[in-house]
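Both of the next two complexes hold chain A, though its partner changes from chain B to chain C.
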Partner chain A sequence: MTLAALSSRDSTMVFRSLLQAFSSPGERVQMPAHLCDSMSPLALPLLALVDIETTFCIPDDADLEAEVAELTGSKVVAVADANFVLCTTPPPQELVLHVGRGTALQPQLGCRLIVSNESHEDNLTLRLSGPGTRPESQLSVCAAASDFIAARNLAVAHPPSGIDCWLVSSDGVVVGLPRTTHAEQG
Partner chain B sequence: MLLDDLIDSAQSDELLDEFAKREIRRAILAAVAIPGYQVPFGSREMPVARGWGSGGLQITLAVVHDDDVVKVIDQGDDDGVNAVNLRRLVTTSTGADQTSIAAEASVIQSRHRIPEDGLDEESILVLQVPVPEPLRGVERDMRELARMHAEADYSRMWVSLYEDKVRNGVITQTTGYPCLVNDRYVVATTPIPRWDIPRLHESPFLTLFGAGREKRIYAIPPRTKVEPLTFEDVPFEVEHADGATCSLCKSNAAFLVSLPNSDVWMCSDTDWCRRTREASA
Partner chain C sequence: MGYVSARGGLDAIRAAERLVRRLRLTSESSWLEEDQILEKLRLLVDRVMGEAGLWAPRLAAKALRQSEGDATEAVHLLRAYRSTLPRFAYSESADADDVKVERRIVPAFQRVPGNQLLGRSVDYTARFLERQSDDMAREEAEKLRSEASGTPGDEGGEAHDNTDTTQRSPQRLLEMLREMDLVVDRRRADDPEPFDITRTPARPPAARSALLSSMTRADTGALVNQWYRNILGPDGYLHEVTLGEVRHGALDVVVRHPVTGLPVCVTSVRVTEVEAIEDLEGVDEDRTKFDVGYGLCFGHNERKAIAMANLDIACHRDAGRTQLEQSLLLTTDALDSAGFLEHLKLPHYVTFRSMIERKFAMRKARNRDAS
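And then the complex of A and B:
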């Protein structure tokens, strides 16, 4: 599917979905359906948030990376330097541990990781706790993402620095996993 | 977002261009991901003076879309001059509807109060913040303040509260009472009164704090632990006046303010007071 620049209203709608996902980690939030039907939902967070002031990286899809760069004006950089990293498959441990985590003085510089998350029968169930989560909150991720989750837990082990993640499925459902959320296999 | 798009947006009625919105949105997301941390942002010039709600206005404009319903209050009053002007700016530039009823609003911008009722999981509360730094009273150096937050070194804050208690018999801070968010960051809850502090704890709604003059955004997500700083043997207390009831609705269940130089009390939240009167009529 071809991408297109988002209108002001569409950007706002996508942003609100992402905000809701971070406010209530583990909650399945549907991004605007009309956008998910016409372009890859995985790219929507980038199209809504990045611009010439930010950097990003899509290490496993050079075509998508070039398209997002052209539409947004955002600069493509190495994984370790990127404000936003998009992975079309669950990223390996080395990548997750390589992205920027910010510092205790500037934790806001931690990377935003956007990861594809498809439902499968062999899904892992994670128990979530922390700010915004509901009691007994759970998150289902594909088994292939178990390494990613383990690496993510290492990357957020020394707050306030850390990384914040959005898990996006092909039907446009986004789930937030900010750094303050504890995710344990249930 | 390319420069051509920026030129297009410059032709619109919107107060913030797309670059500004995106930067503020990224700061908001960082603030929600790190509850209580003050995220710096490039505060823009607004058609209101800094200190008159420019930070809250920028957050509201970055968050709101034309399906939203907006409520703006100032000192609990929907009809205050500042509230009316901010509401008009928001609705005319975004196309959002307006209301005075908190339960109908999806985004509520406020100075000094949290509405008495009606906020739920769908609500976003935007508070205008004049002084976001809770440690300003004990330290002036910005670098040292940053270090204290980074290391969660709040010992001088505790000493300050202790000295206040020793000198005055009570902790005298009223509005902007310091709170510990998610056991990590101390935040200034300025400018809401103590009455509203317990309502931030494990609240169902998202609270965004915007300080335009100081260029800071911070947040308290829903269902987040918020504890006012106090000592084990000095319980936190909210404002209370024995026997005071609202002169209009006769209620004592809401935050009351007294008229100057009189014993007449009235509800601070004027819309709540009006609905209470209508319900009992």
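And then the complex of A and C:
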């Protein structure tokens, strides 16, 4: 599926979905269906959020990276310098530990990591706690993502710096895992 | 009496959110159209756009309707929306001399090039509350409309009468003063990138562009208060300030076409621009000359632009001796100040419980010492 630039209305709708996902970690939030039907849902967060003043990188898909850069005018940079990083498969530990976490004074500079997350029979279930979670909040991730989750937990161990993650599935469901959320295997 | 902490309920919060929406949408009166807000409350729309830092009249009207007339809340809505929009391009630098004025006054000089153009302003109207009935007001409006339509070339209203191109782009008083060598020349040869306060908070000591940007987005009331405090308040030192220009007009916004690279006008914004002339009398200043402060903001908001121009020059002359720059940068933003104030309404159960416990501990220690 080819991508297309989002209208300001569509961009706002995607933004609202992502904001809702961060507000309620673990909640499955459906991104706008009409967009998910016509282009890769994984790219929607980038199409909505990056622009000529932000940087991004897609380390495992150069074609997708070039297409997003073309549509948004956003600059492609190295993983460590990127405001947004998209991974089409669960990222290895080294990558997660390499992305920017911001500083105590400028925690907003921490990277937003967008990760593909598909359902499998061998999915891991994570118990979530922290602001915005409910007592029963859970997150289901594919087994291959266990390294990613372990690295993510290390990356958020020294608040307020850290990273914020969205897990996106191919049907357009997004789940937020902000740095304030504690995730452990249940 | 015990002090027990409680946990706020998500369901209660959602119910409160629904209540606001339901009562706003289902009120008995007829639907408030955006056009009505744009036309009848135009100055409020301008103020909201200015403080939001976003030129979007229809969105500002929507925000005012949603906020039920709360200007600060409307600014909050617009800024939040603005932050979700991608930036596609940077505009070309605009020259304030390209403003097509709808109003221009020069309080400092009676006869200036281009003349005075009073335009649409309540400055010259009596402050009598009009208490005529709605029917009478409608009748008068109808009569005025028919009179206007019967006058060829008068669609733009009285202010547009007999106004030629020269009057729309008049020479500045400042140019005259420069020709007379009466103004300190602070123009710089280089052209540094302006400080973007939407990306990085400005902190003193800040570039002049950061100060001007902060003031142009500041709360109008806060800026007027800062100016008045500077004049008559505890900071008090009397400035001999005269306004050189007060302008309100339209300015084109030009961007480079991403494909052709040619300049393209994408919209026109209205701005209020003020130049304030300050009489220099400090021991380390050139007393044979004047200096000039500058103010510019979105929409028609003369109060704000005048305060801004006066504070610009006051800040320059102050040169960090007082907290003026800090006050301007850190305390005049409507969202910063109102946000901090309103956060006090959020639960403070834990902090207050610790304060109570400290009081009890101190009382216990005092009683122990007394016995």
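Heads up, the rule we're going with is that the second predicted complex is superposed on the first by the 186 of 186 C-alpha atoms of A that agree within 3 Å, B and C clash if a C-alpha of one lies under 4 Å from a C-alpha of the other, contacts with A are read in each partner's own complex, and residues count from 1 in each chain.
One rule holds in what follows: a contact is a pair of C-beta atoms (placed from the backbone, for glycine too) under 8 Å apart; a residue touches a chain by one contact, two chains touch by 3 or more.
Note that the structure is predicted; figures quoted are calculated from it, not measured.
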item: Room on chain A for both chain B and chain C (clash or fit); value: clash
item: Contacts of A:Arg101 with chain B and chain C, given as first, second, both or neither; value: neither
item: Which superposed partner A:Arg152 touches (first chain B, second chain C, both, neither); value: neither
item: Which superposed partner A:Ser8 touches (first chain B, second chain C, both, neither); value: both
item: Contacts of A:Ile52 with chain B and chain C, given as first, second, both or neither; value: both
item: Which of chain B and chain C A:Thr72 touches, first, second, both or neither; value: both
item: Chain B versus chain C as contact partner of A:Ser23, first or second or both or neither; value: first
item: Superposed model, chain A: greater residue contact from chain B or chain C; value: B
item: Clashing chain B stretch [against chain C; choices 150-158, 222-230, 240-248 or 258-266]; value: 222-230
item: Contact residues common to both interfaces of chain A (with chain B and with chain C); value: 8, 11-12, 15, 48-53, 72-73
item: Residues of chain C defined as touching chain A within the complex; value: 81, 84-90, 199
item: Residues of chain B that touch chain A when the two form their complex; value: 1-3, 5, 9, 12, 14, 18-19, 21-23, 25-30, 32-35, 37, 39-40, 62-66, 121, 146-147, 150-151, 182, 184-185, 206, 221-225
item: Residue ranges of chain A in contact with chain B within the complex; value: 5, 8-9, 11-13, 15-16, 18-19, 22-24, 48-54, 71-73, 103-105, 107-108, 110, 112, 130-134, 159-160, 164, 178-180
item: In the complex with chain C, residue positions of chain A that touch it; value: 8, 11-12, 15, 48-53, 72-73
